[in-house]
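As written, the chain order gives the labels A, B and C, with residue 1 at the start of each chain.
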Amino acid sequence: MTQPMEAKRLNFFMDKINGNFKKKDILSLDQFDPKSLSKLFRTTDTIIRKLKRKKRLTSLSGKIIALLFFEPSSRTFGSFASAVKRLGGQTIEVQDVGRNSSVAKGESLSDTIKVFESYSDAIVIRHPEKGSAKIAAQAATTVPVINAGDGTGEHPTQAILDLYTIYQKFKRLDNLTGLIAGDLLNGRTVHSLIKGLSLYKKNALYLLSPKSLGLPTELMNNLAKKIRLVEIENETDMPTNLHFWYWTRVQKERFKNLQEYKKVKNRFIIAPELVVKKGNQHMIIMHPLPRVGEIDPRVDDDERAVYLKLQVPNGVYTRMALLTLILSRL
Amino acid sequence: MTQPMEAKRLNFFMDKINGNFKKKDILSLDQFDPKSLSKLFRTTDTIIRKLKRKKRLTSLSGKIIALLFFEPSSRTFGSFASAVKRLGGQTIEVQDVGRNSSVAKGESLSDTIKVFESYSDAIVIRHPEKGSAKIAAQAATTVPVINAGDGTGEHPTQAILDLYTIYQKFKRLDNLTGLIAGDLLNGRTVHSLIKGLSLYKKNALYLLSPKSLGLPTELMNNLAKKIRLVEIENETDMPTNLHFWYWTRVQKERFKNLQEYKKVKNRFIIAPELVVKKGNQHMIIMHPLPRVGEIDPRVDDDERAVYLKLQVPNGVYTRMALLTLILSRL
Amino acid sequence: MTQPMEAKRLNFFMDKINGNFKKKDILSLDQFDPKSLSKLFRTTDTIIRKLKRKKRLTSLSGKIIALLFFEPSSRTFGSFASAVKRLGGQTIEVQDVGRNSSVAKGESLSDTIKVFESYSDAIVIRHPEKGSAKIAAQAATTVPVINAGDGTGEHPTQAILDLYTIYQKFKRLDNLTGLIAGDLLNGRTVHSLIKGLSLYKKNALYLLSPKSLGLPTELMNNLAKKIRLVEIENETDMPTNLHFWYWTRVQKERFKNLQEYKKVKNRFIIAPELVVKKGNQHMIIMHPLPRVGEIDPRVDDDERAVYLKLQVPNGVYTRMALLTLILSRL
């Protein structure tokens, strides 16, 4: 009697295009809803449980995943490579497609994708241009395409690992109050996370940033009905009962007025003092990484600091879950 | 009683050098004759049949193939990587040997090859200089070397996949009439294909190119006795009963006189109109890729267009067959 | 009754840090003593024996080894990749971390290592800066780090393969007399080899180099009590009963006075004539590679020349042994 659940899963992780089934492309967090995220997170839980029991996972055994990286990103590259290999799969890796390939000879992205479609069972694409993942997905007619970051566009698996890390800690994604700090204007990571949390009920977010780096007005207006957003400009305004702090980097290069940068840059650093003053026992401290100074390394040993201890491994586990759901079954 | 056939296979895919057996290097299409090509193509047929039945192939299980790419070529790289991994083998990949290696420190190609010989069971080499594959093969005394393109020299596995694609469609490689269009002066792909077809009886080729980019006279003279070659300069001279069109790129940079380039460049594009006007129901449209404008993407959906739909996957399958015959048995 | 021996092995290849066990980092040859080297070499012997019998080795099956190369080194990269794969393991490969990664965004080495720790079961690091391997090892709290060369620092697995090659030939590492020639001032390879041989009794080394490129005085003084060192400046002073010649490159760029370089450069080349004049039947001729002219290729066919025939494959076998002892059991 697993038929109905199986059917439901297929429903989400399988698309029907012009009458043909195609395994689902993962291009944006917008494709997900609480139901499909829940399925993904339960699969992640299962994978973690099996790994802890030293079970050998084989859901990608015999499968080849192309990792086409049109720009450098060793972190995301390594995470996907690890996910594929821990599931018994193999990779075809081109870490600098622009330089190493027919692309240099003037080939279109669509043709490159159509070629690698013959080489693999799925394509993970990282590309500096917004919208390129969608172009790739349209070109690939038989294998699924996973967006591993397309410029200022989306990076859905980063958002998924962030949401999973919060879920893992609190066993829910509703009724949470968090802080998101740093550059809220430019960060695609931050935008996706806020959108993700807005899918769930009764969440609230404090947005801590210099005025010039606040959440884009359009996004603010779109989300205002779905999630409570409170802009603050000073750590002293931070409540002490937050569930999570999600910190990002304030990028000096974004400031035209260096005086203003200097004014805010020291305020936006997590040091042990801030954790003592504003933290609470149950919260977690998150960061998408890489960090360049905005979290004092002395905080790393704090068990609430999960950017290295949980977010990074969860990146592998959630990608394992996603690949398994799309390409196989556990 | 499979002994004699086994022996014959070994005969072709095994060399005896100074009394020692060495698995055969694949350096040039010239090494092949109809008999060995037939063996290779039947093995390719078998591999395709097994893959369709979802059979797991293991002929390279436990084997390591070094992919030494001294110049970028993501397409050929990916095709070999896929071939090795679909056969259960593993790769050692250096995608930019010149920059990443002892070569940068002044090491000779022979020494580099002798080193990688200790790391692998076969070496696939891509190199910008003509003759380098042969140097590599002479350096490697225990493992076979496969030429994946040596500059203006040879690219035998490209020629093999082209021949196989024609064979797959027509179930023969004799009694065929085709068209080869574009730059016939410089294309190593085109030269190898013509040589390959000249091994079989009663083939004819129409050669469509601007005068300045015609087949080199020496090659023309060498092949004239073996295959009927008809030079034309205009699509209006194309017969309508051709078995295949093999299109290549006319490279602007080859023209000294830009006026002449402008005169011909628009004639040498396949658009749906040309297919309607000069095509027939049973023909196939081929291209070695990458293309940069010389085939209108609207042609892609035509089922006769096989450059993406058949040539690319056949590149993987024929390389799988070749690796299997050299290194193992199916 | 294998308990005690197992315990001893764990003792060496396992560290206890702050009460937690961690598989041993391999940072320097100084960590080894004759006992642990003996264990390593016996494991290497076993591996070679099993490979000769075509036994499939699986000691890294299910394991992922990250190869983080912050500078190019195709030889060491290929050797480690081959070692991992011949043991059934998989790799995560970043061949140019500096350019391809978060490092380019300003991430610290420690953070990069902590991230890749989540992706793998061990990290092999190559880095241009002395001391970086140690920093990496301190950052990694759960997986072992293996130094594959840190600038002018150490390259322990190169030293191990050199020592093993001598051991393999003479079945001992004491009571040997060898020659080390070339640049003894700058070569980390040479320094490690001398240190390694000084762990054993009754060894003697002739040191052949131009005055300006002699062994650093400090090292000379440190080792003088442990091993007999005889500096010579001329091949005519070479005894004919040496067990091994270990040749390295005299680097032109080290000389301020080009006249002096010209004076010595031709003396420091091994040609067949020197082998006839100063060699003996049982010796071996070694070189860490790459070579750039200092060994005449005509010497390669001499069976005493082991730089390509034994040192390179032994590099793979000793790394296989090391990885097996650290991560698994055979």
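Here is the rule we use: a contact is a pair of C-beta atoms (placed from the backbone, for glycine too) under 8 Å apart; a residue touches a chain by one contact, two chains touch by 3 or more.
What you are looking at is a predicted structure, and each value in this text was computed from that prediction instead of being measured.
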**OP:** Quote the value, from 0 to 180 degrees and to the nearest 5, of the angle by which the CA atoms of chain A must be rotated to coincide with those of chain B.
**Re:** 120
Original post:
Since chain B and chain C are copies that touch, is their contact same (over half of the numbers shared) or different (under half)?
Top reply: different
**OP:** For chain B and chain C, let me know how many angstrom lie between their CA-based centres, rounded off.
**Re:** 41
Subject >> Sequence positions of chain C contacting 2 or more other chains >> reply: 93, 95
Original post:
Touching chain A in the complex: which residues of chain C?
Top reply: 62, 64, 66, 90, 92-95, 97, 99-107, 110-112, 114-116, 118-120
Subject >> Residues on chain C engaged by chain B in the complex (per definition of touch) >> reply: 56, 72-75, 77-79, 81-82, 85-86, 93, 95-96, 289-292, 297, 308, 312-313, 315-316
